[in-house]
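The following blocks contain the structures, represented as structure tokens.
Two complexes come next, and they have one chain in common, chain A, joined by chain B in the first and chain C in the second.
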Partner chain A sequence: MKQIFYCLIFPGFLFSAVIGLLTGWVDRKITARLQWRIGPPWHQNFTDIIKLLGKETIVPAGAKYTFLFSPYIGLISAVLAATYLGRSIIAPLESFSGDLLVLFYLLTIPALALMIGASASRNPLASLGAAREMKLVLAYELPFILAIITVIIRSNGAIQLGQIIRQQLFFGSNVFSFSGFLSFLVALFCVQAKLGIGLFDIAEADQEIMSGTLIEYSGLPLAVFKLTKAVMFYTLPLFIIVLFLGCSLSPLFLIAKYLILLAIIILIKNTNPRLRIDQALKFFWRIPTLLGVIAVILALFGL
Partner chain B sequence: MDIIKRAFTKSIWVFHMSVGSCNNCDIETLDCFTPRFDLERFGIQLIGSARHADALLVTGAMNKKAVLRMKKVYEQVPKPCVVVACGTCACSQHMFKYSYNVAEPLDKILPVDVYIPGCPPKPEAIISGIVKALDKIKKGK
Partner chain C sequence: MSHKIIVPIGPYHPLQEEPEYFQLYVEGEKVVDIDIIIGYNHRGIEKLSESKHFDQVPFLVERICGICSSSHPYAYCLAVENILGGEANIVPEKALYIRTIIDELQRIHSHLLWLGLAGHFIGYNTVWMWAWKYREPVLDMFEMVTGNRNNYAMFKVGGVRRDLKDEDIPILKKMLDELSPGVDLFRGAIMDDPVIKMRLKGVGVLTRQQVVDWCVVGPTARASGVNMDIRRDEPYGVSDRLDWKVILEKDGDIFCKTIVRILELYESISIIRQSLNKMPKDGPIDAGVKDIPAGEGIGRVEAPRGECFHYIKSDGTNRPVRHKIRSPSFMNVASDKVSAVGGTISDATLTLAAVDPCYCCTERVAVINKTDKCKVMNGWDLIKLSQEKTLKLKEGYYGRPE
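Presenting the complex of A and B:
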């Protein structure tokens, strides 16, 4: 009973979806203010989701059953990741050994779900988007793993979120060391690529391939994808905070850190143009991977 | 059902379709999203895919090749949706009425909900047309 409450209501689905949609509104509002516009009201993203529930769902001719199935896989894994993360912040001692790896895999599944759904829809632009998403996953996973390995080394080989939080409680946040700072930068770029915003809005390029992977979705499945994106928008900055800024996680500090991180991500999103997929691949395999390797070596020397 | 209808009026995603316009109406349509007018205040967004659309904004005098494509796009839009004829060309073919390559007016082919005349219509006129479309939805389309 308790587990179901955790999954569905408090750190899980309802809470993360609401906070994620509000985060999406903060993103849209700051973007609008930066462009000297006024921007939408706070309930805009909720309105969008409710409206999509009332629309017709069109399944393209010859689409496989995975077309309707994959949005839910993505949403469930994103919600599970949010639940794990929320529980390990509230009660760090309850976490089990290896939950960092579980979380890492769960955060990859929404991208896979997007690919499966797009390839099932039999649209050439959607398959183009799926191919780009696949290349993007190949590009950002390696530096992201390196950044996480740095954190694991810095907390004496613990692959447990509770241990990582406790380590930072005693010895200060990871970001205030050379290796921690380098891997924090790397993780910041990887988070943007995982969210697919700004620089790395490649798979879903609205202007170029007409929202690529989502092109054939309408109605409820589209709403589920939007919710998945919202939950990821809540989970990933929180994951970065736990890994690198986990010094004090009392609610006030947590919210302040979250908002500052969000502002940095949105500013990077708004001040940079979108990259081509080959540029993104080159970028990730050169600079962040190099920085990640340097960070791992520095962490091994205890810096 | 009422809350869904209210949500529909507060978040309209527009698919912008040109069926042979001179680009002037298209420029004025894009002007609605600039800082001066900023239609995103009301939740109105331009989107890339017809599958996500709530409103189909058609500009230009429809030529013979575009008729088939226009019908296909209309079938792809999930219902309920609003069709808006933007500009005098889309409303009544304007001065291209006797042209050799122009087919029927738009409302002979699609059920048009709102007409926005003007060559090109000002952004204010487009906003007023959208308000009329919203009123029509509220009264129960």
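Presenting the complex of A and C:
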């Protein structure tokens, strides 16, 4: 019963979706203010989702179960990730050894679900978007793993979120060391790519392939994808905070850190054009991967 | 990966505001061929023009395009004045200056508009919004001078319709002064941004030879090092009395096209400043042309997108017998065939936008030669589809009509 409550209400589905949608609103509002616009009211994202729920679901000929189920797979894994993460912040001792790895896998699945759904939709633009998403995943996963490895090394080989948080509680946040700072930068770029915003808004590039992966989705499945994105928008910055800014996770500090991190992400998003997919691949395999390797080596030397 | 798929850009696409259809044949992400299909929004303006009298035609031709809505009437007026003996001989001094000011203001607003759209196309929405914010004062200037933000209705054969008020001139100068920092901002933001350079450098290249082969005009040609500018080659207005230079770049890629347009903003601002300073305080603004004799005339104007050409044939009545328009985008859009092929889809969309296409200028009657099985929808087909959909919806609400 308790587990179901965790998963569905707090800190799982309901909580993460609401916070994620509000985060999306913060993003839209800050973006709008940067661009001398007014921006939407706070409930705009909720209205969008509710509106989508009432729309007709159009299924392209020949696409069936995979097309309709993949959004839910993405949402479920994102929500599970949010639940694990939330629980390990609230009760660090409750977590089990290896939950970091589980979380890492769960955070990858929404991208996979997007690819599978897009490929199932039998649209050339969607398949282009899926191909781009696939290349992007290949590009950012390696540096992301390196960044996580740095954290693992810094917390004496613990692959448990609770351990990592406790370690930072005693020895200060990871980001205040050389290796921690480098891998924090790497993770910041990976989060942008995972969210598909700003520099890495490649798979959904509106002006190029008409929101590629999502082109055939409408109504409820589209709303589910949007919700997945919102949940990810809440989970990923939180994940970064737990990994790199983990000292003192009291609610007030947590919210402050979250908002600052969000502001950084939004600023990067709004001051850069979109990269081409090959450029994104080159970028990730050169700079962040190199930085990640350096960070791992530095961490091995205890810096 | 020899599997060719068609990626449609248009007729309805987020990239473009106007209906135009680019068929990209792609292998993976690479564009191997491109088909440009026009004719979705043909309005028959040349034919319409033959049914209007000479004074009405400027209002018609300025509605060809909302962006170059002074170039077309200007070129038309030049063509008619060519029959009468040339602009410089007929049009009063002050009107010449006002014409130049309006023409250059239009260039500023058009280039800023393109700059914003280009930012939007590379996913840089901040540049988009900022460029359009700086464009707003330019439109305000238009509103002050002509009463309209677009479709200025300033041009008439033999002069201009409205005078530039003396009390407006200091305000215009002040607004121009406030515009320059904005342009500086864009020059800095675009010329120094590494990511923009990555996206635009070496993309969509038009070599000098290709420019000549495909008759490309305007800033697109100047970015490839082709030294052409109607304002200098065949001066009109007061462009030969002022101090300005033609901006040239060598490489012909999208980055150069952007730079040319940004630097042209400075030249335009300088031209307007000089014109405002040199303009005679008073004097007539209209020559009061009554009759157009029989004859033929041409008018050429450097529109923001390139050479805008109008041909008028008169038989001595009050209507043109033939009015032929060749707009710059019609020449420039075709060059996508060489510049977009070979790049990726991401580059192709930029390349299509880099010539600053104005599709309402490009529209012609399209005759489609059906040789393969693939069905191409024309504008009428789309209207029919839409009507069928409406019928279907109506059936849903009211039941099938008896």
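We take it that the second predicted complex is superposed on the first by the 302 of 303 C-alpha atoms of A that agree within 3 Å, B and C clash if a C-alpha of one lies under 4 Å from a C-alpha of the other, contacts with A are read in each partner's own complex, and residues count from 1 in each chain.
We take it that a residue touches a chain if its C-beta (ideal position, glycine included) is under 8 Å from a C-beta of that chain, and two chains touch if they have at least 3 such contacts.
All values derive from a computational prediction rather than experimental measurement.
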{"item": "Chain A as common anchor, with chain B and chain C clashing or fitting", "value": "clash"}
{"item": "Which superposed partner A:G219 touches (first chain B, second chain C, both, neither)", "value": "first"}
{"item": "Touched partner set for A:V59, first chain B, second chain C, both or neither", "value": "neither"}
{"item": "Contacts of A:T47 with chain B and chain C, given as first, second, both or neither", "value": "first"}
{"item": "Which superposed partner A:W36 touches (first chain B, second chain C, both, neither)", "value": "both"}
{"item": "Contacts of A:M210 with chain B and chain C, given as first, second, both or neither", "value": "both"}
{"item": "Which of chain B and chain C A:V26 touches, first, second, both or neither", "value": "neither"}
{"item": "Partner chain in contact with A:V18 - chain B first, chain C second, else both or neither", "value": "neither"}
{"item": "Which of chain B and chain C A:I294 touches, first, second, both or neither", "value": "neither"}
{"item": "Offending stretch of chain B which, after superposing on A, collides with chain C (from 57-65, 75-83 or 129-137)", "value": "57-65"}
{"item": "Doubly contacted residues of chain A, that is, touched by chain B and again by chain C", "value": "35-37, 206-207, 209-210"}
{"item": "Complex interface listing, chain C residues touching chain A", "value": "5-7, 13-15, 26, 28-29, 119-130, 133, 193, 195-196, 198-199, 344-347, 349"}
{"item": "In the complex, chain B residues that touch chain A", "value": "1, 3-5, 7-8, 10-11, 35, 38, 40-43, 47-49, 51-52, 54, 76, 78-80"}
{"item": "In the complex with chain C, residue positions of chain A that touch it", "value": "31, 34-37, 124-125, 128, 131-132, 198-199, 201-202, 205-210, 270-279"}
{"item": "Chain B contact footprint on chain A (complex, rising order)", "value": "28, 32, 35-41, 44, 47-48, 50-51, 53-58, 206-207, 209-211, 214-219, 222"}
